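In the two complexes below, chain A is the common chain; its partner is chain B in one and chain C in the other.
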Partner chain A sequence: MKLTVPHMGLLSMAYTKVLREHGVQMHPPPRPTKKTLNLGVRHSPEYACLPFKINLGNMIEALEEGVDSILMPGGYGPCRFGYYGVIQAEILKGLGYRFQMARTDNPDSLSDMIKTIKDISDIETKWDAYRVFYLILIRMAAFDKLEALYFKTKPREINNGETDRAFREGLKIIEDATSYTSLLRAWLKVKRIFRDVKTDKRARPLRIGILGEIFVVIEPFANMDVERRLARMGVEVVRGVWLSDWLNDRFRFKPFRPNQNKMAKKWAYPYLRYPSGGESIESVGKTIKFYKEGIDGVIHIMPFTCMPELVASTILHRISSDLNYPVLSLTFDEHVSEANLQTRLEAFVDLLERRRKKGGL
Partner chain B sequence: MRIGIPKGLLFYKFGELWQARLRAAGLEVVTSPSTNPEILEAGLKHSVCDLCLPVKVFFGHVHALKDDVDALFIPRGVRTEPDSYLCPKFIGLPDMVRAAIRRLPPVIDTEYNVKERSDEDFWKEVFAQIGHKIQKTEEINSPYPFCKDKKEDSEETERQARAFSVGVAGRPYLVYDNYLNKGIIRHIRRLGIEVVFQTPSAEYIRETMDTLPKWIYWSMAKEVVASVRWMIESEEVDGIILLVNAGCGPDSFMTELIERTMDIQKKPYMSINIDEHTSDVGLQTRVEAFIDMIDRRMKTKAL
Partner chain C sequence: MEGYLGIDVGSVTTKLVLINREAEVLWSTYRKTQGQPIRVLQGALSDLYNDLSPRVLGVGATGSGRGLVDHLIGADVVKNEITAHAVAAIRHYPKVQSVIEIGGQDSKLIIIRDGVVVDFSMNTVCAAGTGSFLEHQALRLGLRIEELGSIALNANAPVRIAGRCTVFAESDMIHKQQMGHNLEDIVAGLCEALVRNYLSNLARGKELREPILFQGGVAANRGIRAAFERELGKEIIVPRHHNIMGAIGAALLALETTPPESRFRGFSLARHRLVSTSFYCDDCPNTCGVIEVSDGESVIARWGDNCGKWSSALGS
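Coming up: the complex of A and B.
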């Protein structure tokens, strides 16, 4: 059995190596490229959202490379994500591929995840499955922390490119750490590497919060690398949605980190009183939080026709005018042009800089 | 006290029940007029551009009502059945309305969630929000009084009775709103074709779900899929038109699901995507061509 799971940011790096050590023949699809997207778009329903199209392209490319099983998380709404696997399987069948598709329809439930891990690997006891699952979660958290470190360091670096090198090195180090103890050692090493990057301690870069639908936020291909574009312009990116937070809200592997979803609910209450699926409540709640923390502005990212984020986007419009707080909404699909995106980002950054000067900061 | 109910979205499913219930409690109830160009215009003005047309139009209805009522009745539709949701936009609807339109009267945004509370509790909270004592009222006991196709708009202009009928499937707020669907129903009737709507029974919906690879978890999408299946199997229907509004999340998947898992070759089938840019004339031409196609098919079959 050669198994593949469509990409979602750095997630595949967190599990591939670990699962391989336990006898799973993991074969991640190639990193999404323009070709992946084109394949996905060609075979998807017109109004399907961008993650669906990229996932489908991923699956086709993996099948072309000889994969015979696909694992696709599912769910029961209200967002469309829970139905992705069903439609994708029908489309792939129609294209004549032969494969097995497993759906984990309760990605929120720990016992289901454990069962899935036991089913696909040679792990025998439940205890071992738990250990492996939590190792994957913590590896994911380490990758997220690495990215946060990158966003913090990049706008302050003195020698251009040094942070990027440190980041690449960090990825490698964490990926190779496949046990709890080596992971701890790896993390200390990563911290040392970043400490060695020369930075301007007195710099006070603009800070921009990134919020929105989780897939488009954490998958650089889907958002045309918005975060690194900003970082290169000398902006400190403060990301509001992390995959490890999403996982932590469900599996509590970082017991001291508060439940982000619950916190967001509290912040969002004046504007959005009920979570309407996806990351809508986080987008609204954390915009208000970022405002209170003095972050200079927020960029809200979503795929075209995303239902939950459209609710958030409507409300963010109002928050922006009520609080006089800059919010830029970016919608992504296969038609977004790079030049257009770059211009809009630069204009937004200019606007924030002017506001800062005017505010006498 | 005047309560206003915008005539859009869930109104086409629960409108009559809501009105009856509120009136029975001694409140004055008004609805916005049927969708018209001004309402559409106002709706477009107040919404972000990617929203689907029915939600935009709903904003227009709110806009038309807000100045002459004391409160707006916009319940938060979370679940109308225990095992499925409504689309996220229904869940966030009251908050979206409050965000999109300024100077609103109080919005009654009671959560309608049959999984977590009974119908009775829902109404108790509605009246608590209005600040109204519940009077003893006669029981209104049907939870799904589906808005039957009211004949108010159907013009009896049967020119020559052609001997066949077309089934129209789609979400109630699109199919029954004659302005939103560009008068397509009226147009088909004017051609002398009988239009068949079908609201499948709960039993039939369950049966349909079992034929699919996975249960659908949106109530309205379930109904759409089940009614298409009914139309494919039924003797009463000779052709099927599926109305979908562009940008509808659930239906973008459902059309795909229908086309890939159901036997749509059996009958002439057409799905139409409608948004605010759709032209009436273009749509009429497509419908006429579709009707002619069925006509030809019927004739060759008769030979």
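Coming up: the complex of A and C.
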């Protein structure tokens, strides 16, 4: 069995190496590129969202490389996403590919996850499966922390490119740490590497909060690398949605990190009282939180035709005018023009800069 | 003579201005880009040199071709069009609260309060109402673009044209012509449709407070201006330099930074034989289009690659 899982940010780096050590023939698809997108667009329904199209393109690429099994999360899902695995399997069958598709029917269920891991690997006891699953979760958290470190360091760096080098090195170090003890050592090493990056300690860069649908937020290819574009303009990116938080809300592995979804519900209360699918409640709640924390502004990203985030974006408009707080909404699909995106990002950064000079907040 | 140069290379037109330290416009030009931004830029620079031979203290670049200007001529400030237009508007009308800007291929709305930009929007889906579309329609009706506005003002009963999409607007116009409506009413109807399209695409949920400035090439069209005034019930001000406001803004930004030494490469550039070519890099599946500008035998600028391996290969 040669198994693939479509990309979502750094997730595949968290499990690939670990599962390989337990007898799973993992074969991650290539990182999403224009080719992935073209393949996905050609074979998807037009009104499917960008994540669906990128997933599908990724699956085709992996199948072309000789993969025979696909694992796709699914189940009752936070939005249409719950059905994606089913529809994608039908499309791929129609294209003549032969493969097996495994779906996790209930992505919130720990026992489901453990069962899936036992099924695909040579792990025998339930205890071992738990150990491996939690190792993967903690690795994911380490990758997320690495990205956060990057966003904090990049706008303060003195020698251009040093942070990017540290980040690439960090990725490698964490990827190679496939046990609990080596992971701890790896993390201390990553911290040392970042401490060595020369930074301007007095710099007070603009801070922009990034919120929105989780796939387009964490997959740089889906959002045309919005976060790094901002970082290169000297902005400190404060991302509000993390895959490790999403996982922690379900599987509790970070003992000191409160449930983000529940917290967001509290913050969002005056504007939205119950989750309306996707990350909508977090987009609303965390915008208010960012405002209170003095973050200069918020960029809200979503895929075109995303219902839950469209609801959030309409509410954000209200919040923005009630609190006099800058919010920029960006919608992504295969038609987004790069020049247009760049212009809007630059204009938003200028707006925040001039506002700060006038003592805006 | 000395001053700050503002360059706005748009999709359809290229604008150059020279301002002095007091922000007065000393010289300006407005010409068609005609898909050859490099040649047009060279022409404009050599005209400026022949007219005034000024000493350039700083250069500001804006417009969709701002990167090109920076690579070729050397700019001290490279800013997006939204900021450039806002800066120019605020300088000339300190009380301004809204700026409508319609150019060759895109349109923008900038909301300003107390001299600071607080919100903006830019068309992302449809180009109805931009200069290119109007020019195309004028051509189809056998008119010059400059005539459209005054013809629209002579209308008695503007025809209602579907303006949601440029293609449908055109077919609806043809239909109305064939039904026998006169030219004035159709042109006026077109202006109204474009204004409705602009407002529903860009102004949704935004409050357009007066004073409202109307900038960009399309502001020359009095029919569109009148349609805005009717639709909003507010007065629309068209600044004297409406079509070069972006370039003025870029020049003002250069003036604001007052670089100790400008990166301007000099007017001699206008005499060089600059040729741009492009190729697709096949080293990864992103297949970035890389653009290369050479001066005679040597490559002087290169950009467009995501990973930076072609642009950085040149050194700096």
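By our rule, the second predicted complex is superposed on the first by the 357 of 361 C-alpha atoms of A that agree within 3 Å, B and C clash if a C-alpha of one lies under 4 Å from a C-alpha of the other, contacts with A are read in each partner's own complex, and residues count from 1 in each chain.
Keep in mind that, in the parts below, a contact is a pair of C-beta atoms (placed from the backbone, for glycine too) under 8 Å apart; a residue touches a chain by one contact, two chains touch by 3 or more.
Quantities reported herein were computed from a predicted structural model and do not represent experimental measurements.
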Fit-or-clash call for chain B and chain C when the two complexes are aligned on chain A: fit
Partner chain in contact with A:G297 - chain B first, chain C second, else both or neither: neither
Chain B versus chain C as contact partner of A:P326, first or second or both or neither: second
Touching partner for A:G170 - first (chain B), second (chain C), both, neither: neither
Partner chain(s) touched by A:S276 [first = chain B, second = chain C, both, neither]: first
Chain B versus chain C as contact partner of A:P30, first or second or both or neither: second
Touched partner set for A:R344, first chain B, second chain C, both or neither: second
First, second, both or neither for A:P51, with chain B first and chain C second: neither
Chain A-centred angle between chain C and chain B, computed on Cα centres after superposition, in steps of 10 °: 80
If touched residues of chain A are counted for chain B and for chain C, the larger one: B
Partner chain in contact with A:G94 - chain B first, chain C second, else both or neither: first
Chain B versus chain C as contact partner of A:R354, first or second or both or neither: second
Smallest distance from any CA atom of chain C to any CA atom of chain B, in Å, after fitting: 6
Set of chain A residues, in rising order, touched by both chain B and chain C: 317, 331
Interface residues, chain A side, partner chain C - complex: 30, 33-36, 317, 324, 326, 331, 336-337, 339-340, 342-344, 346-348, 350-351, 354-355, 358, 360
Chain B residues within the chain A interface of the complex: 47-48, 50-52, 76, 78, 84-89, 91-92, 94-96, 98-100, 109, 111, 212-214, 216-218, 246-250, 252-253, 255-257, 260-261, 273
In the complex with chain B, residue positions of chain A that touch it: 45-49, 74, 76-80, 82-83, 85-87, 89-91, 94, 103, 105, 271-278, 280, 304-308, 310-315, 317-319, 329, 331
Parts of chain C lying in touch with chain A, wherever the complex brings them together: 64, 79-83, 106, 114-120, 122, 124, 205, 284-287
